[in-house]
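Please read through the structure below; I'll follow up with questions.
Think of it as A, B, C, D, E and F in the order they're written, each chain with its own count starting at 1.
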Amino acid sequence: MSLSTLGIVKRSIDRADAGAVAALSRFGVATVHEAMGRIGLMDPNIRPIYKGAHLCGTVVTVLMQPGDNWMLHVAAEQIRPGDVVVAACTAESTDGFFGDLLATSFRARGAVGLVIDGGARDVEDLEEMGFPVFSRAIHAKGTVKATLGSVNVPVVCAGAIVHPGDVVIGDADGVVVVPAALAAATAEAAAKREANETAKRARLAAGELGLDMYQMREPLAKAGLRYID
Amino acid sequence: MSLSTLGIVKRSIDRADAGAVAALSRFGVATVHEAMGRIGLMDPNIRPIYKGAHLCGTVVTVLMQPGDNWMLHVAAEQIRPGDVVVAACTAESTDGFFGDLLATSFRARGAVGLVIDGGARDVEDLEEMGFPVFSRAIHAKGTVKATLGSVNVPVVCAGAIVHPGDVVIGDADGVVVVPAALAAATAEAAAKREANETAKRARLAAGELGLDMYQMREPLAKAGLRYID
Amino acid sequence: MSLSTLGIVKRSIDRADAGAVAALSRFGVATVHEAMGRIGLMDPNIRPIYKGAHLCGTVVTVLMQPGDNWMLHVAAEQIRPGDVVVAACTAESTDGFFGDLLATSFRARGAVGLVIDGGARDVEDLEEMGFPVFSRAIHAKGTVKATLGSVNVPVVCAGAIVHPGDVVIGDADGVVVVPAALAAATAEAAAKREANETAKRARLAAGELGLDMYQMREPLAKAGLRYID
Amino acid sequence: MSLSTLGIVKRSIDRADAGAVAALSRFGVATVHEAMGRIGLMDPNIRPIYKGAHLCGTVVTVLMQPGDNWMLHVAAEQIRPGDVVVAACTAESTDGFFGDLLATSFRARGAVGLVIDGGARDVEDLEEMGFPVFSRAIHAKGTVKATLGSVNVPVVCAGAIVHPGDVVIGDADGVVVVPAALAAATAEAAAKREANETAKRARLAAGELGLDMYQMREPLAKAGLRYID
Amino acid sequence: MSLSTLGIVKRSIDRADAGAVAALSRFGVATVHEAMGRIGLMDPNIRPIYKGAHLCGTVVTVLMQPGDNWMLHVAAEQIRPGDVVVAACTAESTDGFFGDLLATSFRARGAVGLVIDGGARDVEDLEEMGFPVFSRAIHAKGTVKATLGSVNVPVVCAGAIVHPGDVVIGDADGVVVVPAALAAATAEAAAKREANETAKRARLAAGELGLDMYQMREPLAKAGLRYID
Amino acid sequence: MSLSTLGIVKRSIDRADAGAVAALSRFGVATVHEAMGRIGLMDPNIRPIYKGAHLCGTVVTVLMQPGDNWMLHVAAEQIRPGDVVVAACTAESTDGFFGDLLATSFRARGAVGLVIDGGARDVEDLEEMGFPVFSRAIHAKGTVKATLGSVNVPVVCAGAIVHPGDVVIGDADGVVVVPAALAAATAEAAAKREANETAKRARLAAGELGLDMYQMREPLAKAGLRYID
């Protein structure tokens, strides 16, 4: 028995329900994160490589070695239409693991984006292609193809646990991961939250204070807030 | 007597003279910082959340607790037209304290922007609204409303001392704070500096060297500069 | 004999061949870096100050002291048309060493850009001028003119060795330095690489896998990769 | 059904076999990490707060909110002799969540240490007590007790997935997590590795080169290594 | 009238009451910070340069320019026995502003330590001298003496507002600043807190849970905490 | 002709004069750096892995790939008694490239230390061995042996240019590099500086102010320094 999860490609994964993914794609990252009870976010160093990049899809995970993008090539074969590749690394690395050639290959397989806890390059080409990438860095540094990692094992990517088949959503506010089993319920909760927010927005725009709308004055006074002149 | 400045909202503050604020709004952050003798800047990690964001206004200060945006709601009530909220935190935090709902409320009260030593979210909505925010991070992470901070006490925000009523100016070069009492004199000094720079710019564009225009050759030689071939 | 390389301005430098510079200007940073065997990059903290900034030219080096931009004025006189100023610092500093006045002077001398291991300011003006700058930070903080550094000595800028006369190229992927003596050969290797990539891109776009195109299946199996369901 | 893993305390957890924990306690972090196939490490920002701190025990996990140590008090009740508390946070925070009072309580319950993706304080007292703590920061900043997190749910702590009942080991090289089910096998593999290293150490000490001992000369030559004079 | 606070040395300052300073010197940084209501801390990047460094004294402030230690020499003359120099910088800088020569001079004037938002050097000598320094960095990099800053103006040092005459305390947990006017009251509050903690420590050591001692069970249940098996 | 400096081992290098190395070994890093005119320092993130680590020797350079320590094994063969290995990396990496086995081998070859722009592990063993290491990080993360770098080519290590045969010195203040050709002159300048400092130290200890000893009062007044009460 191997102790390690390295050197493995899992071919059959259970992807989140397509309807739930479609439903989730209508919401922003902040809304989905709130709908889940304020969990599931990657850390804020993961940023879109170009303005306006958005993605929502089912996850193919990759575990890479620092400075080595071999497993991204292995992952390409596992991509199904609508997938997003989520690439973690066994150690912090800002090298340019991903560029326009891999994006061409990923897109030909049906991928709708990449989230990578590492660096990307050819970012002008990627923007022109409209292939959304969320990464820790932008760096031209090339990588080798020498050491095994894995595909479709659970990974920690930028502080978030990600399982193959989960839903990942990225926009200007960051990246959130929704476990496959919770996708439908999260979409429903997000819809409720958004409806709720629309009503609140109108009241706030009309000049009502959050202090009154959320009934904060009493708890603030209880906590000891003092007004002075 | 309380030892702490926490748990206080000061309602009456002396805002900088409106004319001086208007005068300052015509200058960039670098010019104002120079006019003050090279002081008053926040640290360079405070960045506009969208390209083209500019702000200039009188300050309402907020002191928040990490991961807690309760005091932003309290601050909303203290906003007067033309104010900018400057939010510091008692400890480093990149959570998303501020989003489009609070922006809607702040705007309804007359606020013209936010500077926050923390994170913001809903940044696509904020850009669409044209509500300028300068922040340390962009992060979807939601916050709680549980612990008191203060409103309109002096704060340290990103390395700068800020008093309620001061003038704060933000553009692509960063954020600068002008004490209320110095606003008019600073605007005057900025105007002089800008006039001076226009003349210099023309001479430099015509090919004159700074070495000659600023009469640097002699002090450089005195300092020991050697030219070799 | 002086032990130090400080306090020196070298006037005569051997610039890379103009034809080679022109040839290199057609390629991106990632391609040139690969063509050189994956070396020559600056670290990824050096970023363009505005979207779309590109530069390619022969290097005039500057060694600055922290918080002091005196030597940038000295360097201006050494600029020849087509040069890029590459400014290193004797210690980490994010101050705003460079702004629109110096850019006006540099451009009047024929400079086509700046790479600086420090901060820049007036970035909206610089974008309007179309003067490309790659920097570690954007900061309004002004600098003094008090202490000697050097011009046209070898420097380490953001982790890369740079000699006067070398070719420096910057785009959205970062900054790469090509030694003057290797400029022509590098341009040739870059052209070959780009031709090669065009063919590969077409095959990948047609759905061929990198696993097959690069014949990776056998080495992956040898390394022990296991496929499971 | 709740979408969130917040607000939960799991009382019954399956701790790794005591014999395996004892066996693992004889090895260093680097050896255990290698024995697992080079996985399981926390990121290198987690450091012992005093020289000589070591820990090895079964994990009680805590998920805290930023600036809030309420759940550490909740966790105390779940500690059994030989446990190590591993505390993650829903967002990056360097506040001083833990000090000598909590250490006194944890020790009274049988805890043998703490790993925290946050800050600790009272570090001179903790050293005097001999209570080992591995943390991201040392900071006197106090925390509140206001918002729920969880105890004994799976967490991501400093980049590592940690389940309650796992084994965690900390020494001067960092912190490694061994899944409970792999504890015995990992201890066995670590013992083999250590035996193997003892033999190698002797040969290297006698002047034999790794180049020869590991038979690297041929693969290096194949890879193209050239020796020049 | 000058707009700037640069170029000034204030000779007469009101130092905190000597008895209050002596009283405060008996408490640790965490205790004092709590006694003040959880404010007054510098950020956690300010660390003692050697293990066991402690300081408590009245503040002489210095505002330095990056890479320039001229004002430390100016400050030496303003030191009175029992003072601690607190040195801020107009921009982030890790240069070695301070070493054993300045420490010799400061000590000869009666200084009992230094807090510096910058770098220190000669740290082995400083430890041998037993001269406590708290700094952002250790760096051998020398500095110049060329540009004016100020002495005994209010400064922001590592995120804390510091006025001349305040009390500053440093230990392994960091650095805290107590306004001169609050020194006596803070010492009193610290003494109460410490007495209170001694009692709590004994109860926790005897196995009582914080959950019970602090009566947390009810508020936790109200907040929705669920126990599962 | 190869464009790259990768894949090369230079066997014959010109080491700095042994007498000069011995002379330099008597001085601290700060003194040597000053003697050279304030250049030659590595950046301050390179720190000794244990208290009291010192090194001084002639340099064997290594250029490693991220996460790959193959070239350290290649370098071992090139070590001569008195050498210090200086290991740079083609990209930022904090992996544990070096541990006690390599230290055993390096020592058997006569090495007196290591400076590495990466991570080290087994640091308790290394301290017990008394083998001084200066590194960017401490991390248990293991590395592979798969990709070529070089030995004894010029490298940039932590911001400093290092040539094989140069002298490198490390102590608690950091690491400085002295070009081989300047070793003797630097040692001489360091001796003069140290003598000079001894005299100054005595005067400062006697209470003389730097203001008077360095005759700063006049230049300060000229610069505009104002004393106020």
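The criterion applied here is as follows: a contact is a pair of C-beta atoms (placed from the backbone, for glycine too) under 8 Å apart; a residue touches a chain by one contact, two chains touch by 3 or more.
Please read all numbers here as calculations on a predicted model, not as lab measurements.
Touch-path distance (fewest steps) from subunit C to subunit E is 1. Rounded to whole angstrom units, the spacing between the C-alpha centres of subunit A and subunit E is 41. Subunit C and subunit F, compared by their mean Cα positions, are separated by 27 Å. Note: centroid distance subunit E to subunit F, computed from Cα atoms, is 32 Å.
In subunit C, the residues that reach two or more other chains under the touch definition are 38, 90, 92, 94, 139, 141, 147. Touching chain pairs in this entry, ordered by label, are A-B, A-C, A-D, A-F, B-C, B-D, B-E, C-E, C-F, D-E, D-F, E-F. The residues of subunit F lying in touch with subunit E in their complex are 28-30, 33-34, 38, 41, 44, 47, 171-174, 176, 197, 200-201, 204-207, 209-211, 214, 216, 220, 223-229. Considering their complex, residues 65-68, 90-95, 139, 141, 144, 146-147 of subunit F touch subunit A. Against subunit F, the residues of subunit C that register as touching in their complex are 1-6, 35-39, 43, 90, 92, 154, 156, 159-161, 182, 185-186, 189.
Residues 7-12, 51, 70, 73-74, 76-77, 94, 96, 99-102, 104-105, 107-109, 119, 121-124, 137-142, 145, 147-148 of subunit B are the ones touching subunit A in the complex.
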